[in-house]
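Here it is: the structure, laid out below.
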């Protein structure tokens, strides 16, 4: 996965003629070769583009390139960011007692399937310490008895140290204040059904209701929304012969796949938030 | 699909030792060969069984067989019904302006893929009259201006004449009174999403929310429930590049498949209602 | 679906720096706004791009735009084509006795879900004449007794008159000579399984082999390959309780969806052939 | 998952009237309560049944029950077996260097999702020793330099000690002699595509061919067949933007799910071999 001299340029702006030409022009002038380019314009006139470029001597060339992009960005009113592919995102995973999502992320990362650095796992329970440390990843147990103190300690560990927080079946609700202060995007996974069962014992209630599909949704956690922009969703079939425990077990299989895909796409700078939705480029 | 001398026996009772043996015994005594047998016991001790039997001279033998089954049923406290496979269910389809679910049912029936008799199509709009009559099926336009009068006319057509009513994207809400009086099960199809969007313009709102899956749910309509027991559900993938119109078009494809499967299972006496859920045998 | 002043530009060339910038530049110079742009570079250094543009007064502006694109194309060694979105592709459908794929295409086209003009249906059997003519589409029966004569008559009808030929479960093998002479791409649908069953009675053999999935593949028919570039594939689950007839019926449902998607993507100029494979942009 | 006094009765015989009644009768006579019963009759007149029973004091009651079932079995010409649910199957896993299928089985077993005892892992490479021993499972490295000697050593370890052998991406071909002598069923997982790519570098060839789906098949390995009865199959979507490495990674995800399901069904005595196919009850 090592890709030196490769970067990803993300831009978002109001749709208008000449954007693609202007960006491609500035890249060509600086000798950056376009490896891939994906863009999307919404019905309401918003434009998004993800461009993967290769540029010999990227580190040295970067300041001049950024200055030139900055000029184009100003002209078109763009938000933009440039991500060095060689610099993997630093990820903290929050977990409680369920281990399936955590293990999937640790294991995929170890195998080289997921291009992130898991720098710490934080839990309100001590149970999974050994499983985590086997992977050479620090495990920090922060009890939830005093919630304000817990979040304070979490923030001390996280601020400036991570590029992404993943809630891998973390059974505590984050305060809006925490989400604002942590300074990194937060991805959450939650079980979901048709119809939706909010509250306690969702699997027992899904069983009672006889659902034929069970699913999972990975989304960004945001301060002001019950449920932030959706990154990925999937389902698996269920039937009357599945017990509530079977539903939970099958649900766990979907959760770990959906969360792994969402984290991978985020790690590859493919996800752009657009209002309450996401564009996956 | 013609299967003379074949019948389906459905039973439901509290779980207890000896049910399968007693039913199999009475069938064997009357010379009925078991073609297939599916059963299910719930966690809460309810037992369901669907048995397909073959019995030479079924019509003549039926009264004696029913009397014998009746005795066993009394002993075990069973609800039961015996369905002659050769006697296809008479189905009325309700429709408004969307034709995709209606056409799928008409077309599958014409091809022999769906073993029902569609005896009439009732609509609150005249638009689809010609499409329906092409299939040799009567189309009755009953305007919705006076709702009580509309339901009255519908009941006159339906009572005693149909074994099943299918709401194939019928955009009127049935009154509880209608559902009680119609004297036949009612199957409804509705679009469904994660999260669920209730009310107007669900596709526009699903688009705004960036869902990654769109789905459909077929369920029985019941007098006292917002949404009755679920028969079948399915989903298809969506992405940011799908417009609200695309979502509607893909949703329509899922709806017609889900509804066709639900009607087929009902027609084959595979669906047993259990509280708010179904068992599909 | 009416989109005046909209066109799709497809290009393919060896990958090299500056392509996107050069194309975007020439489009911007001529006042063409980029609606969407998708591109793909292969591992072996081939570059593909699909650009949807909007240009006021497209018809009048087209010659100048084409000349300018032609200059860029020559510089980069591009193959390219420019398709007016308002000009729907003229499609001939070949069919034998199975009607499911044919009906799906006719019906989607009638509903406006498929943006093509079905200008004729050609069959070696007379059976489906009435079904086709109901849609206002000409049906031509050309018997297969004398194969050379049959192909000769087919070519007379097709040459210059169609932009696409769809084999919707057409049970005759086209000669390489026909494929070369017809002068339009040919899309075929064929049942395919895991593992593949080539030859007679595929469903009986899939049943004998106990497959758990049945599928369908839509591909271009080519003169020199057993099976040309794959456009789309899908599967549905099967089980031991499905008879060979059930497998055939479920297979038919997959076939019509897979073929409809393949034809739609082709109609939208999304499919670019690359060696033995396709790129879907 | 502990279920004392529970057993699974599998029977197979030619279809004939009275089977279900006779079996249910003998079970009722011995006080065995039927928990679930699934049966299937094939088109060619073969009958299969899986019955889960509960019987207080199973160990003590078993000889008399077996004698009584034996009598019924003789009358109907049945093959049959009775499996104590509390006695988990002893499983040996064969592996080479790929760890994804192995880890999935170890991990599901550890979590209690898979009701087997993994008693040893045998590999022709030493690489995965530590990963396996972390789970408390013995790892035995038997090099493949001398194939006859390797199989001899494997048989010494396996004969009489295991109820199932799972080839979890084991890259050696078993001899027919080994399969006959090992005295336990062997389940294999292999990557399979649409169309199938047999031989070297399947992912590179799937990429070259532009497949839109990649899949996996779990099947029994048999002495006289290239590929034995299929237990489970599944697929995932692929596109032109997936590299050969991406296909391999996605293929690995499907393989581990398909193999886990196949092993689970086998462990639950759900799989009955019927000629070249399986019935899953």
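Chains here go by letter, A, B, C and D, matching the order in which they are written, and residues are numbered from 1 within each.
In this section, contacts are C-beta pairs under 8 Å (C-beta built on N, C-alpha and C of every residue); 3 or more make two chains touch, one makes a residue touch a chain.
Just so we're clear, the structure is a prediction, and the values are computed from it rather than from any experiment.
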{"item": "Of A-B and A-D, whichever chain pair has more C-beta contact pairs", "value": "A-B"}
{"item": "Chain of greatest Cα-centre distance to chain B", "value": "A"}
{"item": "Distance from chain D to chain A - Cα centre to Cα centre, in angstrom", "value": "37"}
{"item": "Whole-Å gap separating chain A and chain B, where each centre is the average of the chain's CA atoms", "value": "41"}
{"item": "Multi-partner residues of chain D (at least 2 other chains)", "value": "40"}
{"item": "Residues of chain B defined as touching chain C within the complex", "value": "99-100, 103, 107, 111, 113, 134, 249, 253, 257"}
{"item": "Of chain C, residues touching chain D in the complex", "value": "40, 42-43, 192, 194-196, 207-213, 215, 217, 227, 229-235, 239-241, 243-244, 274-280"}
{"item": "List of chain C residues in touch with chain A within their complex", "value": "17-21, 24-25, 27-28, 31, 33-41"}
